[in-house]
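First chain written, first letter: the chains are A, B and C, and each begins at residue 1.
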Amino acid sequence: MPNNNFYIGYMEKMPASFRKPVRLFVLAAAILFSIGSFLIVRSQQAFSTATFELGQLTTVEGILRMEPAPMLQLETGKDSKGRPILQSILLIGFGKHGAEATLEKVEAQRKLKLDGKKLKLEGTLIYHDGKTLLELTQKEKSILDVLDVAPLNRQLTELGQISLRGEIADPKCYFGVMKPGEGKTHRSCAARCIAGGIPPILKAVSNDGQVQYFIIEGEDGEPINEQVLPIVGEPVQLTGSVVLYDDWLVLRLKDANSAQRLSARFMLEAPMCNSGKLN
Amino acid sequence: MILKLRNRHRYTWILLAFLLPVGFALSFANRPGPVLPGEELIEATPSFSEGQAIATAMATGWNATLYRRADGQAWIEAKFTKASQRPVSTLYLAPRAGAAPAEGKPIGPVGPRGIYQYALDSLTASWPEYHLYFYDHIRRETYAETQLTKFH
Amino acid sequence: MSVNYAPILWNRQKKRYDRIMLGLITLYLILFAAFQLLFRPEISPETLIIRATATLAFLMLHLILMIGPLCRLDRRFLPLLYNRRHLGVTMFLIALVHAAFSIIQFHALGDVNPLVSVFTSNINYQSISQFPFQVLGFFALLILFLMAATSHDFWLDNLSPRIWKSLHMMVYFAYALLVMHVLLGVLQQEGYPAGFIFLGIGMVAVSSLHLAAAIKGKRQEERPEGTTADTFVPVCRVDEILENRAKVVIIRQENIAIFKYDGKLSAINNVCKHQNGPLGEGKIVDGCITCPWHGYQYLPENGQSPPPFTEKVATYDVKVMDGKVYVNPKPYPEGTTRPAAVIGV
């Protein structure tokens, strides 16, 4: 470097010999930012096409069912044998909460049981892959009307034992609120939602791309949200009996501790933590 | 920079040059495996078999075939390969194109990606033409109408 | 220099620096959002903000970490160092947006305090594939916060440059935490090799520059033997020192810069009082030794900043014999006037 060239920040102008490397650095940063943004965006996994109608309230009417989880049943027609076609909208609370607390408050306010009644609800729709959810966005104010109706029989079908590999997710995020709503980066949120009373679901995929979603319960249909928290958002194998509640499959785990964590891609950490147990 | 700090820089980077690649390798090797597809899902509806294909349709994200069995039982087998982007929807069959929603017959709900069989009654199965469409119960509108092409 | 503290002493170079920095940040955010909407339109707005700010802050951190060693490898990069603090504080603010959105998105509106949830929602600390990576990001942000909060010269002066520099060296620890935060978080989630390759390139670039600078620094260090604490030690020939420049030697742990100017030689301590910059890599401008980092100035004969400034460094005795320079490593109290050695006598 020539002796007569020296840079001081408070000088009016940068000496000529400093300009080239500094410009080179700025140019390199500009190229890095341009190409980097492109490559980073392109290297992401595709996002799901799920929808969360944030800011848009929709009114729906149907029969409230508290089993296996709070849901609103819509009779959308009669099939070829004259049986009602029932389609259920899973109900979810505001934020990371289940719908129970809101419904219980309304029961206390109105001094009546809501299970089996016809409800007019206003909330935010969440839907993806043939499943629909409604967030009770305005809490108790989401229940617009309660009507008495003749009891409607439920179609319960026992489908036997099964062992399934998949991932436990919270339906609120998975079916639309967040993208990605599954996997490692979403794990904490799924745990928070499930701890807050949103029913855990298992997503299982067959070899030919068929998908089934199961609400996870204990052996006698009791909620086991707390027990599944340690294994949400990671590949697991669950064994239990399946019951079809109208249009929702329910997987009843005989023993939450029987859930098996599927090992990582390589065996490195297997001896360290792959205990295969929940606790 | 004073000597102590300069030396600390030196040792820090010798340490990091060793530790960062170790962390990198461990993280790479322990990527959570992909959730493997299960070999078998639960059979949720009674399934029909040994029918003769009468008519079929291919659409983006789904296809459907109408079958009839020797005993006269007819059904539509639909395969949804792409996730539905609609809330509460039902599949309808109608005898002609552009039929009003009331003219069609609901044959069953739209569910997650998979194969579904929807039973038909004998009257519906003997229609001269078969048009499938979906009805979105939230927006109260039909979408994706498709004609089933008959086999000759 | 420090007489009183203004929030920021603006000058033309700083303004240009900040304009270029903000321009590049805007370029990145616009391109990222545009590519995202073009190639992955299904993304949710929250995820777009979380990912845009995360990747921008992490890229900026890489650039910030490269400036130091680049300057030691080639002094002509020094203008980048001059205002590096603004770059650092801006990077922290972008990282803060990422953290705030992530904590709200993943932890708020739940059954426990969001900050508690960061630490308790995933407790697989024993697992690599399920490690709670958000905790790593949290602690890295805490370090960046401490650095950003103490970035002003007020703190530099009150904490002493040595403690301040030590505190700010924690950026390397923050960088290591962030590398693991990215590896164990989004890269494991996405699973594609591409992300690992990008991060690998960044890691190699930053580490190799630092190692190269360390090796170069070590090679350049000259440590002539000093037999006792109070004897003259031969350093070099007079003509090895350029006019208005210095020769740096380390004798018995004394870091000494010997300047040549106006046919004279003077020796002062090599460490600037401001940020411990290397005075010996500076130059005599308007009769004052000027630090290459931020332009702090000292008079060669007494090591004092010209009035009204108050900084002082130690001085040493120098002599010239047979065209050779000798220095005595015994330091005089900071600001002591010592006669300059006259060349050619």
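Brief remarks on what is shown
We take it that a contact is a pair of C-beta atoms (placed from the backbone, for glycine too) under 8 Å apart; a residue touches a chain by one contact, two chains touch by 3 or more.
The structure presented is a predicted model; accordingly, all values stated were derived computationally and were not measured.
Think of the whole protein's Cα atoms as having one middle point; the chain whose own Cα middle lies nearest to it is A. By number of C-beta pairs in contact, A-C leads when A-C and B-C are compared.
Averaging C-alpha coordinates per chain places the centre of subunit A 18 Å away from that of subunit B. As a whole-number value, the distance joining the C-alpha centres of subunit A and subunit C reads 44 Å. Spacing of subunit B relative to subunit C, judged by their CA centroids, is 54 angstrom. Along subunit C, residues 128-130, 188, 191 each make contact with two or more other chains. Residue positions 48-49, 183-184, 234, 264, 268-269 of subunit A each touch two or more of the other chains.
Residue numbers of subunit B whose C-beta contacts span two or more other chains: 26, 30-32, 34.
By the touch criterion stated above, subunit C contacts subunit B in their complex at residues 128-130, 162, 165-166, 169, 172, 175-176, 179-180, 183-184, 187-188, 191, 196, 199-200, 203, 207, 210-211, 214, 217-218, 250, 253, 255, 271, 276-278. Note for the complex: subunit B touches subunit A at residues 26, 29-44, 80-81, 83-90, 105-115, 118-121, 124, 135, 137-138.
Interface of subunit A with subunit B (complex): residues 48-51, 58, 60, 74, 76-81, 85-87, 89, 125, 127-132, 157, 159-160, 162, 164-167, 183-184, 203-207, 209-213, 234-235, 242, 244, 247, 249, 262-266, 268-269. Of all residues in subunit B, only 1-6, 8-10, 12-14, 16-17, 19-21, 23-24, 26-28, 30-32, 34 touch subunit C in the complex they form. Interface residues of subunit A, counted against subunit C in their complex, comprise 1, 3, 6-14, 17-18, 20-22, 25-26, 29-30, 32-34, 36-49, 52, 94-97, 178-180, 183-189, 191-193, 195-197, 230, 234, 264, 268-269, 272-273.
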